[in-house]
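Going by the order they are written in, the chains are A, B, C, D, E and F; count residues from 1 in each one.
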Amino acid sequence: MIDNATPWLPSLTTDTPEAGYQLAIKLSRMAVKLTQPSDETRARLRPIYDQDAGALVAGSQVVTANFATVAQANNYWR
Amino acid sequence: MIDNATPWLPSLTTDTPEAGYQLAIKLSRMAVKLTQPSDETRARLRPIYDQDAGALVAGSQVVTANFATVAQANNYWR
Amino acid sequence: MIDNATPWLPSLTTDTPEAGYQLAIKLSRMAVKLTQPSDETRARLRPIYDQDAGALVAGSQVVTANFATVAQANNYWR
Amino acid sequence: MIDNATPWLPSLTTDTPEAGYQLAIKLSRMAVKLTQPSDETRARLRPIYDQDAGALVAGSQVVTANFATVAQANNYWR
Amino acid sequence: MIDNATPWLPSLTTDTPEAGYQLAIKLSRMAVKLTQPSDETRARLRPIYDQDAGALVAGSQVVTANFATVAQANNYWR
Amino acid sequence: MIDNATPWLPSLTTDTPEAGYQLAIKLSRMAVKLTQPSDETRARLRPIYDQDAGALVAGSQVVTANFATVAQANNYWR
């Protein structure tokens, strides 16, 4: 899944806040993927997740926390 | 949904704490939207969410975490 | 609900730690209010929330996170 | 409940890490108290809370977050 | 339970990252202990906790948050 | 389980962001392991965990929080 030749996370630096937000999304997806590496299990949980308001909000907490890290890494694009 | 011509997040800097709070709300809505990109699924979860005290508090945790980031980006408007 | 003439959040600076704690409470209430803007829905959730130990603790997590932000904004009143 | 003459939170500074931990406990209790100001409701939730492993862990998350703030306020007692 | 003669938390400074992690575990156990001071109640919750995947993950969130504090206190052992 | 001769956490410093992410995963697994040291109990919880969308997202919150610490330790690899 992870191609060692091409790093999926070469840097935390982005040009714009919006690109930083996209990176936070990517980091969040990777966190789920690496927490549960089985493609099959993740596929089985997906429809449950999709009907669970709590899981959706919890997922957006992960994005928010990752965005905090990316924003700090970019000195808030000031 | 995201118009690439007009960035939805041009900057984390705001003039006032209150505008910063509005930005935190916007970031939180975007986190939900990008975590679950399907408009249909979000629409289906909305009424569940609206009856769930836990999801409401969890949603306000997301706003709080985003406000922490925005406040730091603005050096707390000191 | 929000009177634009009088800002509800003019500043994150407070004179004392205790006033900072009161501001954290205010920020937490506003987070709930702006996450679920419908007065009716919030009123309906209130009695559920009032019987839910988990929601109470989650609510105090929001206060705690907001206090962290306010304390930092005030350089911990050192 | 809060005696305005005697502040309950005069300072975030403590002499030792252990006193800082005690302050974090105090802040956590106050967060619960101010989130749910009704003594009666809190008393009703107490036995539920006391049988809920999840609420216990969530409560210790609040203490942990408050300790992070107190430790930073004291420059980690270095 | 807490022997006042011997402080349980003399310092946040440790020699190595690994000793810092052990301290984070200790802080997490103390957070649970001080949140629910009754030995009897904690003993009653223990078997519930031991069968609850959610409580296990939540417990590891507490360790993670405490480790963040300890790591910062030690300037990340750089 | 923990071999004292070979430290499992010699340093928080890594060469690349991606290696930092791997370290965050390792820290997260260790947090679970040290929160519930019984191999048997963890083995019993594993299949429950594997069917629980909420636990998966909570697990990815732990990874995210650990990555925040590792990223800061490495000055965001700037």
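Just so it is clear, a contact is a pair of C-beta atoms (placed from the backbone, for glycine too) under 8 Å apart; a residue touches a chain by one contact, two chains touch by 3 or more.
Keep in mind that what you see is a predicted model, and the values were worked out from it rather than measured.
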Minimal step count in the chain contact network, subunit A to subunit C: 2
Where subunit D and subunit F overlap in contact partners, by chain label: E
Rigid-body rotation angle, subunit F and subunit A, from Cα fit (steps of 5°): 60
Centroid comparison with subunit B (C-alpha atoms), farthest chain: E
Equivalent interface positions on subunit B and subunit C, same or different at half: different
Centre-of-Cα separation between subunit E and subunit A, whole angstrom: 28
Where subunit B and subunit E are represented by their mean Cα positions, the distance between them in whole Å: 32
Sequence positions of subunit A contacting 2 or more other chains: 28, 52, 54, 58-59, 61-62, 65, 68, 72
Contact graph of the chains (line, ring, star, complete, other): ring
Footprint of subunit B on subunit C - complex, ascending: 7-13, 27-28, 30-32, 34-36, 38, 41-42, 44-45, 48-49, 52, 54-55, 58-59, 61-62, 65-66, 68-69, 72-73
Of subunit D, residues touching subunit E in the complex: 16-18, 21, 25, 28, 50-54, 56-65, 67-68, 71-72, 76-78
